[in-house]
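The first chain written gets the first letter, and so on, giving A, B, C, D and E; residue counts start at 1 in each chain.
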Amino acid sequence: MDKTTVRMQQIALQTLANGEVDVILGWKKGDEWYDSYPVVINDINETAELIWDAFCVNNLSKYLITELKKNLRIGVFLKGCDSLAFNQLVIDNRIDSERVVIFGLPCPGMIDPQKVKHAGLNKGLLKVERTGDKIVFITKEGVKEYIGRSFDYDKCLNCRCPNPVVSKYMLSDAVTRTDEEQYFPDVTEIEKMPLEARYDYWTKQFSKCIKCYACRNICPLCSCETCVFDNIAAGVSSKADADCEQQFFHIIRAYHVAGRCVDCGECSRVCPVGIPLEKLNRKIIKDINQLYGDYTADTDIAKSPPLGTYKVDDFDPFDGSKQGGKK
Amino acid sequence: MSLKLEEKAISSKQQFEPLIVAFCCNWCSYAGADLAGTSRLNYPANIKIIKVPCSCRVSPNFVLRAFQRGADGVIIAGCHPGDCHYSTGNYFTRRRFTLFANLLEYVGIEREKFKIEWISAAEGNKFATVMNEMLDSINKLGPSRKLRDGRWIRQQ
Amino acid sequence: MSCNCQKNVDSLIPQVAVIDSIRKETADVATFRIITPAGGKSFDFLPGQCAMISIPPIGEAIFSITSSPTEQRFLEFSIKKCGSVTECLHSMEIGSEVGIRGPYGNHFPVNDVLRGRDLLFIAGGIGLAPLRSVINYIMDNRRDYGTVDIIYGARSPEDLVHQEDIMNFWPKQINTKVHLTVDRAVDGWSGHVGFVPSYIKELGLANNKVALVCGPPIMIKLGLQALEQVGFKREQIYTTLELKMKCGVGKCGRCNIGDKYVCKDGPVFRCDELQQLPDEY
Amino acid sequence: MKQVYKRDLERLWQTISEHFELYLPLEQDGKVNFMPWKQGENVNIDRLKTDLSPKNIIFPPTETYLKFRTVNKRLCFESVGGKNDKYVVFGMRPCDAASYSILDKVFLQEPIDRFYEERRTNGIIISLACSEPEETCFCSSFGIAADNPVLGTDIAAWDIGESILWQPKSEKGKKLTGILDNILQDTSEHEIIALERLQQSIREKLAQLPWVDLDLEIISNNMKEMFESKVWEELSKSCLGCGVCTFVCPTCHCFDIQDFGAERNGERFRCWDSCMYSDFTRMAHGNPRKTQTERFRQRFMHKLVYFLNNNGVYACVGCGRCVEKCPVNMNIVKVIKKLGGD
Amino acid sequence: MPRIGAFVCWCGTNIAGTVDIEQVVQAVSEMSGIVYVKDYQYMCSEVGQNLVKTAIKEWQLERVIIASCSPRMHENTFRKAAKAAGLNPYLVEVANIREHCSWVHKNKEEATKKAIALIRAAVAKASLNTELIAKEIDVENRALVIGGGIAGIQTALDIAEAGYQVDVIEKSPSIGGKMAQIDKTFPTLDCSACILTPKMVDVASHPNINLYTYSEIESVNGFVGNFEVTIKQKARSVNLEKCTGCGICTEKCPSRKSKSEFDEGLRTRGAIYTPFPQAVPNVPVIDREHCLKFNTGKCGICEKLCPAGAIEFGQEDVLVTKKYGAVVVATGFDIIDLDKFGEYQYQNHPDVLTSLEFERLTNAAGPTAGKFIRPSNNKRPEKVVFIQCVGSRDVSSRGKSYCSKICCMYTAKQAMLIKDKYPDIEVYVFYIDVRTPGKNFDEFQRRAVEEYGVNYIKGMVGKIFPAGDKLIVHGVDSFTGDTLKIEADMVVLAAAAQAKPDAEVLGRKLAISTDTNNFFTEAHPKLRPVETHSAGIYLAGACQGPKDIPETVAQAGAAAAKVIGLLSKRKLVSNPCVSVVNEDLCNGCLSCLKICPYDAIAAKELATNNHGITSKRIVAKVNEALCQGCGGCTVACRPGAIDLKGFTNKQITAEVDALCH
């Protein structure tokens, strides 16, 4: 068994047994190779079913919001990006970090089952094992090995935080990344498009939306008790399949996570129609970084969120000194 | 998908009567607009003002709503940074709408269609100038149905 | 602009109707009398059935019809202010137009089960609305039914609706008794004080009647218990339910209790049938 | 039995589109979905399991069905909606076609939904047998034959390599076949053998699928017992309450009705809704389904019990879209297994 | 839909001239909810207000729309009227169809359409209005007067006499202002210092007055009744308490290069100086820019000589923060810079003076000890030319378009004073018009002409040429058309009065507006001449526009009366348009708290019981006494749990929809 999985099961057993936590948030394996799914367990007998593999993509920190209402102390397994979300939830007062024990999981990247499928590797596939960048496909017929990150989710290829920024127990050695970091190439690409092309691009993307709200519900930071789009009385919710409604939803969704988005890419991952939502979020992150200093929501929970503060000498694109005014 | 109405062609530019919704803060820009009035300065009737206590009361929701419902331009006018009646409101306006304006541009909305201006209570001239200029630039852009809700029928 | 409306071809399309009169019942309940623009009632129905009332562009809401099917001139709805549609209705003036579609759902078995039987009506607050339709239907066909007892309660005397019926009209009918109660004693109220369920037990009525119950969920729940305590079987009891509804025709999928749709298979349920359904209402 | 050579497909589509609106599985940005076809579009008939189900053709995500106006304080209603244009859908999977027959049970039941009925009447469905069932498929559990499209099908079709075999199943199908007479070719013994071989191969592939043994019989049909089962709490724990499963599902059909507009002028539309949403049953004075567990239970009870009780079939065709799309890997297969005591 | 009544004001022809009232009334009557429409010539008049009151009762109106001038003008008037008729005042909405419509548009059709749109928006908003009840807030029992000239002095004395504490802030080292510089006052010709200095002393000695000289406003926060002002006391370098005012330091200071501000640069002063002998406080200040000690580190003579040990080189600026219930702005005026008026040779010739310099020149305590001599050669001039309207009533960009109002009178005064002392001096006055409205003013000017023989010439001076020790004044007599050349020994320019250069900065700090000329704007030019649009802030004196002394003193008294009226209330009615939290929707993220400028939002703990586990839920809570209603929190709130009464999300959205009708 995978070393980290062993460590995971041990620590879960230990903390449940010694009463350090009441429940554990982790992943279990389903019947299929790609099926690692989130679970909440409180039975020490179940700890042996917990697993860590390249499909534990779900961020468990969002479950803390509901589970902390029912349980006193919770142990949770968090990857790098998950831990950023955890911190942001603490900043947003959505969870009480005192009651959470974090088991940190340095993450080499998660595998996209669709990429496996497109490579034709899914037939008869039983299991996929990953150690660093070595990926082993175990099928009925035999074993295939790949080196590299060609099966990683796109979002993992852009990962800027493979190691948890907060944890009580770290379950494995830190992952080191040597990839050269590029500065928001995806955003720049869209920025360079002519305005009309941009409008057409986004309108087409948004028009694909079926309003399933998976992007919102998977987002660790879209954590409102009642989302404004679910509240008819707020007057912004409309389920109509009209371009303007889609535009409204997606622009406001992106704006609502402005300064809080941890760029985990989950919104894009779960979108059933393939809207590149992260490109909206990342545009805002890029602007915030450029205008208000490097803010990536974040490692430092003491820092004020960019839209919760200001500087007197902030960049002012609206300074009308060039125009009109007094004589 | 009956709602995704085909764009109604607007036959000629002469008929284009843009609508500009201006959110003005009560203390500076609304007073600036009043001063433009008392000074009998001219600006186009296309500009229609909504009074808000402070520019920081204006939500991006309102801006998008205006575009949806047929506004050709939206402008938020507030006190000059540093002069806010509520001392810091417009600093937040500035940050919020710097990001929001960038985001709108990113999804393909012309800068000219959404503006923020700092107009003090003394700047009746500036108010009129800004409004005249805004209308000019909207006129130059011509009619557009970006962000528009095809279902909303304007009675004019 | 000319109007080419009113080719009412689909179940979701409302007809235009006019508010003919508004009778204030309590602080937040009023009875709206609705007729077609040409006069007369919009459709025939049976007691217990509902109709959707539309107020564009606010929306639609479903209400039980409170007038008797025997009333040919109009439909009546007693409506409590709670939510955007009802708020708007309450602010409307006589002569305003609304949309109406229906009738929807099943009805109380006035033509079979209830015939010849002694009847017990139990209502709380606005819950009298659907039962009033049955009671007045029975009053208009009085000889087909046995005795009628009506237990009706509300929080205070001011919250009793249809005062003309409960105070004057019904008590004057043959073999008909009205038992009123209010939750708390107040000056000027000489009648019974106490909750409806306990009043059921106090009254000591014969248990060979058919009971029709409608009111707030808690009253229904405790009322059923009280009836069972005095010897009623669930088969003898009917109630009507209310859930969020949109289409009214059993398709939109939100008013189900188990495999039954309240809008189509209800709103009237016999209590033994209800017991078979999942407890989700 | 007729056939159309693959080299003639473009001509076939062209001809169909001269008489009908034509829906084909089109590929855009890596996603394949049924959309109205125009010349030059990227048709993908190999990836038959479209990302979204084709239910939007007969049950649009949003349908305006009523317009209202106030003229001189008088209210006017005008019924709009429905569809009068005749159309053809080519290349639907047997499971998706079967889903139409399931939706029929809802919308064609009294009182008949006119808008739906118009769409159904005006459409001709050409259903293509599944040459390559996917791992997430479990249609056979619902009695759907991936090798032999029947339910909801006007014309059954099989891709045998060089050509596509074509067999009308309904009057509408026959009529269309007549129109396409000069493109469709007769078949010979050779093609019949190829068809049998294909069907055999499909059945073999189906037998290899992970969930071939998924048995619905294991689920109790006692509604109350099922409703009160303890498994819902556990199954629903990871559910995030989004509507992906509902909206990709070919049989989910819950809808909402909303008004849009101003007093003088506006419209009423219905649109897809999901029982997974927290506001689905929320009323001013309460909500009978307060927790996600209750909402989760509703969706599966509806598909596996209530719908069966009312209509004699399950509200699922085993297409597996929910399996692929669920962000947290929760799906009906797990529910069925768990309810069966797994 | 509530029952709405709409009242359309003609404002005489102000609105009716550009907006077709009949058409508006017709359109409004068709709007939903409208049950009553009335138009009237002057809705704000008593008759107009009564129309509103009567209609509210007769038509059971639940909302009132007034389509009239700016709500900043008369919203309160109509709210009061509604209240008098039993309607909650916050159920009134004003559609601004004058300032925002009839006055800025010319095309009647367009203006009419816009007026209808604005009224529609007001109707849409009003139908969502709710009854709001104002709360009471405490009033801080102290006033602040900014400026220590005659306006500030008079205001402070009047307020102090009424028994309230007053702080006076003066930027320069002494109070007194312009009036202290003036020699004599018109039309009575009494000595300016003689009437001012006693008041200055009164200010210094009044138990209720606290002076901050050599101080400036750093920042202003708060609101009416509760202003919080931070005052910067600049380092004086002399201890105010210890100094006895003996004057040794100022005498012995070796630095003599600085020009005396008080004497308009006509003489020099030491680096340590008292602006003028009667200064209050009579304590010198060190001008650090010119002080040797500060520039070279050497010297320190004053420190050594000071018998009281009051010299403190180490002093630093001190910030003091205090609370005030009311603020009076009395910052006065300046005269314009004459850089751009090269033709008058002001920059080049010492005998071309401004009127204010002339005042110092003729003052007995002035640089010449009152001897009337030419600065160039210390000889008595024989011909003096006065030029009026230098930069006043000047529409070219170098001057001011307004009349400076005081020049005609002081020029007459100065001319008369010369002739009175030296009847042989020829005095000429070039003027555009002579404007002398005021008690005994015209008589005064006529005396200058008739009794003293001052030559008044209606006409302009084109240019002045220096020739030898003379100044040749080239002018035109516009009555005769003759070109005049006057060989003058001295020319006195009546330079225009202008707003203080830093008025705008101060205005921003106080959140009060300035007009196009940078004078502070009064709330209403006729009816609220001493109030500003910011409640609790008042104006006195020339900071609001050029004024003579009696007018200034009158306005100061008026401002004081307003302040006294305000401070005499223990409680003020607060703005009920405050934020409110819907606890069901609130996540407790407290984004609102982070941006609230008034600390009006706090976290509140709700205990919830879920499955037996008691968990605490945080929600935001608004302190209504502190909330000023900016609404910033509403936008920070993602789920829309916090809303602003009077400007709710729904109301603003309804306005947007209505404008896009």
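To be clear about the criterion, a residue touches a chain if its C-beta (ideal position, glycine included) is under 8 Å from a C-beta of that chain, and two chains touch if they have at least 3 such contacts.
Note that the structure is predicted; figures quoted are calculated from it, not measured.
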Q. So which chains count as neighbours of both chain C and chain D?
A. E
Q.
Which chains sit in contact with both members of the pair chain A and chain D?
A. B, E
Q: Could you tell me which chain lies farthest from chain A when each chain's centre is the average position of its Cα atoms?
A: E
Q: Would you identify the chain whose C-alpha centroid lies closest to the centroid of all protein C-alpha atoms displayed?
A: B
(Q) So, comparing C-alpha centroids, which chain is the farthest one from chain B? (A) C
Q: Pick out whichever of the two, D-E or A-E, is joined by more C-beta pairs in contact.
A: A-E
Q) What whole-Å value do you get for the distance between chain A and chain C if each is reduced to the mean of its CA atoms? A) 51
Q. If you average the CA atoms of chain C and of chain E, how far apart do the two points sit, in angstrom?
A. 68
Q.
Just the number, please: Cα centre separation of chain B and chain D in whole Å.
A. 45
Q.
From the mean C-alpha coordinate of chain B to that of chain E, what's the distance rounded to whole Å?
A. 31
Q) Taking each residue of chain C in turn, which ones touch at least two of the other chains? A) none
Q. Tell me, which residues of chain D touch at least two other chains?
A. 60-62, 256, 258, 260-263, 266, 269, 273
Q | Residues within chain E bordering two or more other chains | A | 516, 518, 595, 636, 649, 653, 657, 661
Q.
Please list each pair of chains that are touching.
A. A-B, A-D, A-E, B-D, B-E, C-D, C-E, D-E
**Q.** Residue ranges of chain C in contact with chain D within the complex
**A.** 1, 3-16, 37, 54, 56-60, 82-83, 96-99, 243-244, 246-247, 249-256, 258-259, 276-281
Q | Residue numbers on chain A that touch chain E, as the complex places them | A | 68-72, 92-94, 223-228, 231, 234-236, 256, 304-305, 307-309, 326-327
Q) For chain C, which residues count as touching chain E in their complex? A) 88, 91-92
(Q) Please output the residues of chain E touching chain B within their complex, sorted ascending. (A) 70-73, 96, 98-101, 103-107, 110-111, 113-114, 117-118, 121, 221, 504, 507-508, 511-516, 518, 521, 533-534, 577, 595, 597-598, 628-632, 634-636, 644, 647, 649, 652-653, 655-657, 659-661
(Q) Which residues of chain A touch chain D once you look at their complex with the stated criterion? (A) 30-32, 34-40, 58, 62-63, 122, 208, 210-214, 216-218, 226, 230-232, 238-242, 266, 269-270, 272-274
